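In the two complexes below, chain A is the common chain; its partner is chain B in one and chain C in the other.
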Partner chain A sequence: MKKLLAMALAAAMSLSLAACGGGDTPPAASSKPAGSNPPAASSTPAPADNGDFKVGAIYITSQNDVAGYTFQHHNGITTAMKDIGLDPAKQLLIVDNVAENYDDVCKAIDTLANQGANVIFGISFGYIDAMNDKAEEYPDICFSHGTGYMANETNFNNYFGRIYQARYLAGIAAGMKSVETGNNSIGYVAAYNTEYAETCSGINAFALGAQSANPDAAVYVKKINTWGDENLERQAAQALVDTYNCGVVSQHCDSAQPQLVAAENNVFGCGYNSDMTEQAPTAHITAAIWHWNVYYQTAIEAAMACEGDASKFVEKMGGNAYYAGLKEGFVDASPVNEAVAAPNTVAVMDAVRELIKSGEWDVFTGVKLSYNIADGKVEIVKTDAPLMDNQGSEIVPAGGPSVDDGVIKGSMNYNVQGVQEG
Partner chain B sequence: MKSRQPLFHVVKRDQAGPGRQLAAYVAAVVLALAVGAVLLLIQGVEPFTFYRQLITMGIPGSRYPWRSVENFIKLFVPLLITSLALALAFKMRFWNIGGEGQFIMGAFWAGFAAMQLGETLPRPLMVLVMALCGALGGGLYGVFVAALKVKWGTNETLLTLMLNYVALYFLQYFAETKTDWNFFLDPGSARPKFAKFPANAQMITISIGPFNLNLSLIIAVGLCVLLYIYLNYTKRGYEIAVVGDSPNTARYAGMKVGRIVIRTIFLSAALIGLAGAFQASSAGVLSTSITNDVGWTGVVVAWLAKLNTVGIVAASLLITVLQYGCQTASTTYPSIDANFANLLQGVILFIVLAADFFTRFKLVPRGRREAVK
Partner chain C sequence: MNDPINVLTLFLFNIVLVNIPLLYGTVGEIVVEKSGSLDLGVEGTMAVGAIFGYLAGCAANSIAVGLLVSFLTAGLCGLLFAALTVSLQANQNVTGLTITTFGLGLYFFVGKGMGERWPAMTSASSLVNGYAALEIPGLSKLPVIGKALFSHNFLVYLGIGIAVLVWLYLNCTKTGLRLRAVGENPGAADSVGVNTLLYKYAHLILGSGIMGLGGFYMALYMSGSFEGSNCWINGYGWIAIALVIFANWSPVLAILGTLVFGFFNTLQIYAGPLAGAFPGALGWLNAIPPQLYKALPFLITAIVLVASSVRKRESSGQPAALGLNYFREER
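Take a look at the complex of A and B:
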């Protein structure tokens, strides 16, 4: 009886939440449970010719999650579909809980193809071979693979974002906080470090951002060897505070535990994936976040523009590897929690955000930033200096151009100066 | 003292007629579907449409119906063979719940052969070698437990259960260890991932128009016939039943019980290993989730069918329809995820098993016990 009541309550809640959803809230902030089936959700009715366009998605966990990786992607896809005028309740096909198993992914793709999907998104890295092979087998369907590196010239692309740019911004906030508190130790709970370019480029960008605001900042990395485990995340964060007396704790892992630990220890933190100020209002400054809907809208529109000829998909996407950043609004730092942040944090982050957006400068170059702040006005000072790794080797000479995108995405395997794995 | 008695007693019914049993099953399925319909309605899904898609598995009106049939066969064959093999052991009252481990070992050794010899051997020979390696790998993994039981009377339930995890972590070790000697992995990938088998190590299929008939289906059907004959019309098959009923009777009749146990368990585990090898070569790659839980589902199938060979064919067919149909139907509803589909399958199975129980037993309330006697 109790369970029935709980179920009825849950149903009522999801309906009422869905009813007040909509509007331009960014995906990370929306707390609408995915998959509820509101009658009046799509304010813009789908145009008649879009009515039979179907979006297929393959998820690593469930679309009914309330946080985490799949949740972010599902939110991105549904937001994008609604913005385009597609109805996710009717036009979104999902196979969920698909392990990174070649055969299972192939079967999931067959199912989606059979149900009439026009474009298929696979969100997890291990789907790569199956998507590559099936793109060849189904030339009339557009395939798009998140975090991967394979693609073809017609109907198969991959997508990922310059999240390192957002981490640089978060690093600035952390660095400024460390100047304010006089504690140069900054902690970083990482899923992995140099094993994956994705994680170590994030650590490096965060450290460079912190050093731009506080040249003496030291970043201590504690890795947990899994993408998400609430207990390990908590322990690692606590260890960083206890061992290195870290005053700011950043993270590359799934849950908000490191931020909660920061709050419990009266220190500060920078989150990841979603704005964690809600979870840790007394500690959290800003988080590096994704706006997946930016990509999904671009990709779905491109697939629709193919008008049935999926071989034009890569051409319509302007290339087979989508790699966008701050400029396109694909990644960003979440709104700064000004009650916690050091003074002028917003102004500095805004200035650097504009600089990166302009394309004049990027994180992994031979030019370092520093800031002169007077009366709330920020002047960015650029200094030519080599990019060094923490073993003393030079990665980019002073004044040199950015590290190659391919390295940032796929093969970066070093930490920059000032990073120490503990 | 009477109040200390339990509220109900479970009492065996007199032999229920086949008509009554059938009626119980039908009632159970109807009840299960009704419960499922309520759950679906709570999720905002129209149950009739959902059930229609479940039963048809989304095949009518789909773009590539033959793909659905192929994928259905890929799910069906491993479950069928594993259930048959488990029934063989259960008939002897040897509680082999190590199907998962034996399946993984079969797949692993088939994969080993594929990665080592796939480039050199021609395809029919390669598939045969993989099948033999898989059967041997699975068989030895199972016979190890049988030998311990025969020699020292160890508990096979515990041992087979634990060896499931040993096998899983063994495979996981190869899945995640990126070193030069690990030939299972794709050398081209920075992150560890299993490499695909060479083309010659892919399961043979027979093209019928656009449809590719997986050879393993034909072999599985053949195995069903052979096992039916083996169990019902051969001396060895009869020995299994006798040992299952009473090892002492078997011994008194002059049967070598230990030898029968070892022989039968090797056969059972080898068949499961063979299923693993077929699964690996049909998929063309290894994975840590290769079993699709057939080692567990197979136990349910075997008991649902009361270890009867024909019954196992029917039960594994129905369960595959349920599994595959649930997945296909839930695809079209964003609110229905795989967890819900699993829940629905669980509800249906649970109610059917309960009905099976109540055709054989009844509950008698406290106090009326004497009256029954």
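Take a look at the complex of A and C:
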């Protein structure tokens, strides 16, 4: 009797599965007619036409976070979807708390694929191999991997930003503050240093920015060897203030603890990831921040423009590695807290921002910047000087071009002159 | 670079400042365990005490209210544990883990629920002033240890005071003796007229309350900044459970244990400055992978565990009936 029941149940299950499968085809078919009038749809996307489009996302921590890395991405994706006219409540599929473990990521991708995702974003570096393999397995889905370096020529790209450009701007603010206070020691709480190009390129750019405003600036780095530990971030910031007498504290970590420590010690700081002036109004000058929605909007629009043929994704994105910066508005320095910043900080940052946006100059080159300020007008002085690491080796000769993007994204493993880890 | 003595002083100062919450957690857990209950909910209990103590302290602008509320709310976690394990005979390990999950969940639920209304510590002058360093006259002028040991906020001294008081209570009072009897052999204690039920309830509440004070300390240490990705307690509750074993269930040894664990915790941050200040003697610190500092305290605990299992039963402070539910009818 039990066996009979089980068989009946199994039969019912398979029938319902078939029904589901059948149900899948009509929307796919109906989306084609909808996509047959693309000129109108692509310029001003009407919600009705986008109703079937599903965005999938894989997060390293919870979608309910109120701060931090996943929060920034989730915020970026939902903002981009709303701007395009998609409804995140119905059209965003999420698998969150996915560890950087091959099998877990594959399972998450299978889940999203079964739910009908048209594009899948993986936000964490360690998802790289799984996304690479699954992009082949699901050629009908667009895959997009944050902070990675793998891609193919059809449906799989990677994306990251020139946050070092924003760090350079924050460095200018820190350097100008150090000139004002007469204290050349600048601290930097880092998750890691030369272990990752992401972290050491940020430290280097910040240091170069600080040196452009104050040639005597020394940047002391204290790394905590984890991406997130508010307690250690506080201890590290306090140690920088105590042992190196740092007058400005910057950070590559999520929490505002280093800025709070700066405020408690009556020194100053530059934050990261979000404008931390709210948490530390008496200390925080400016923060290097991401506008992730800029990328997600570009990518979702490209995926929608594929009209069901995911193999066009890379072509629509204009290449399989998206690496945008100040120019595209992907990264920036948050509004300067003028109550705290040194005079003319905004003017200098604006001038350098325009210079970087124009593409004439970039951070890791053989040309150093300095500034002449008269009556609030800023003149940028360019000087040919080699880019040196802190072991005395020359990275770029005087007047030389920028190091490769590949170095900044992937192989940079040194600190520039003036940076000391302690 | 500043002078070596200053770096050494700062290192010692931070060992105390950053790690005293461990002492509260450990002493609280010792009180609980001496009554025969193994409460694995320290992390959650501290989180509950931290967030409610902080919010109440800010609302009333009073550090005393903060301390009281953190003690009471954490005590409620102890009451819950007691109701489940003492009265309802639930498994203690599972109940403790439940308390941790529940406490951390409540922490994030309340914190996120507050949203924009979350109070900044700077808005409560009483908390800021209450947490400010108190220099003990005379002693704080001593070189090195003056700053390292006698220039702390009053919660540091309170923690040490509680540890000593609990030691006196356990070893020099009649109720302390009865409490130990309940933990060693509740049946025997019951047979001579000790109210085991009352003892277990009272000490679960008292011990959990002490843990809650440690949570409140942590809230003030972190400047009351709720950011929602880590909990303030940050694993200290788990280390406290290990420290109980390390301290052989003695509150006074727990002070030593806290400093030993704290030594390695703070060394993670201070290895660089120490190596810079004493290049000859301590330069090798730079060569040690920092992950080792995180592992070392637990390695030491493992060694202590082995050592304590080798030595004679009489010298171990572990209550014989630890973790066993007492059911009167089975006596």
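As a convention for this text, the second predicted complex is superposed on the first by the 376 of 422 C-alpha atoms of A that agree within 3 Å, B and C clash if a C-alpha of one lies under 4 Å from a C-alpha of the other, contacts with A are read in each partner's own complex, and residues count from 1 in each chain.
Heads up, the rule we're going with is that contacts are C-beta pairs under 8 Å (C-beta built on N, C-alpha and C of every residue); 3 or more make two chains touch, one makes a residue touch a chain.
Everything numeric in this text was worked out from a predicted model, so none of it was measured.
With the two structures aligned on chain A, chain B fits next to chain C without clashing. Contacts of A:254 after superposition on the shared chain: chain C is touched, whereas chain B is not. In the superposition on chain A, no contact is made by A:381 with either chain B or chain C. Touch criterion met: A:104 reaches chain B, while chain C stays clear of it. Touch criterion met: A:239 reaches chain C, while chain B stays clear of it. When the two complexes are overlaid on their common chain A, residue A:228 makes contact with chain C while staying clear of chain B.
When the two complexes are overlaid on their common chain A, residue A:115 makes contact with chain B while staying clear of chain C. In the superposition on chain A, A:264 makes contact with chain C only, not with chain B.
In the overlay built on the shared chain, the residue A:64 is in contact with chain B and with chain C. Between chain B and chain C in the chain A overlay, the least Cα distance found is 7 Å.
The contact surfaces that chain B and chain C form on chain A in the two complexes overlap at residues 64. Taken together, the chain C residues at the contact with chain A in this complex read 1-2, 6-7, 10, 14, 18, 112, 115, 120, 122, 221-223, 225, 227-230, 232, 234, 266, 268-270, 272-273, 276, 290-291. Remark: chain A residues 61, 64-68, 71, 222-225, 228-232, 234-236, 238-239, 242-245, 254-257, 260, 263-264, 279, 421-422 touch chain C in the complex. Within the complex, the chain A residues that touch chain B are 7-8, 11, 34-37, 62-64, 78, 88-89, 92-97, 99-104, 107, 110-116, 125-126, 128-129, 196-197, 410-411. Taken together, the chain B residues at the contact with chain A in this complex read 42-45, 58, 62-65, 67-68, 71, 74, 190-191, 193-194, 196, 282-285, 287-290, 327-328, 331-332, 334-339.
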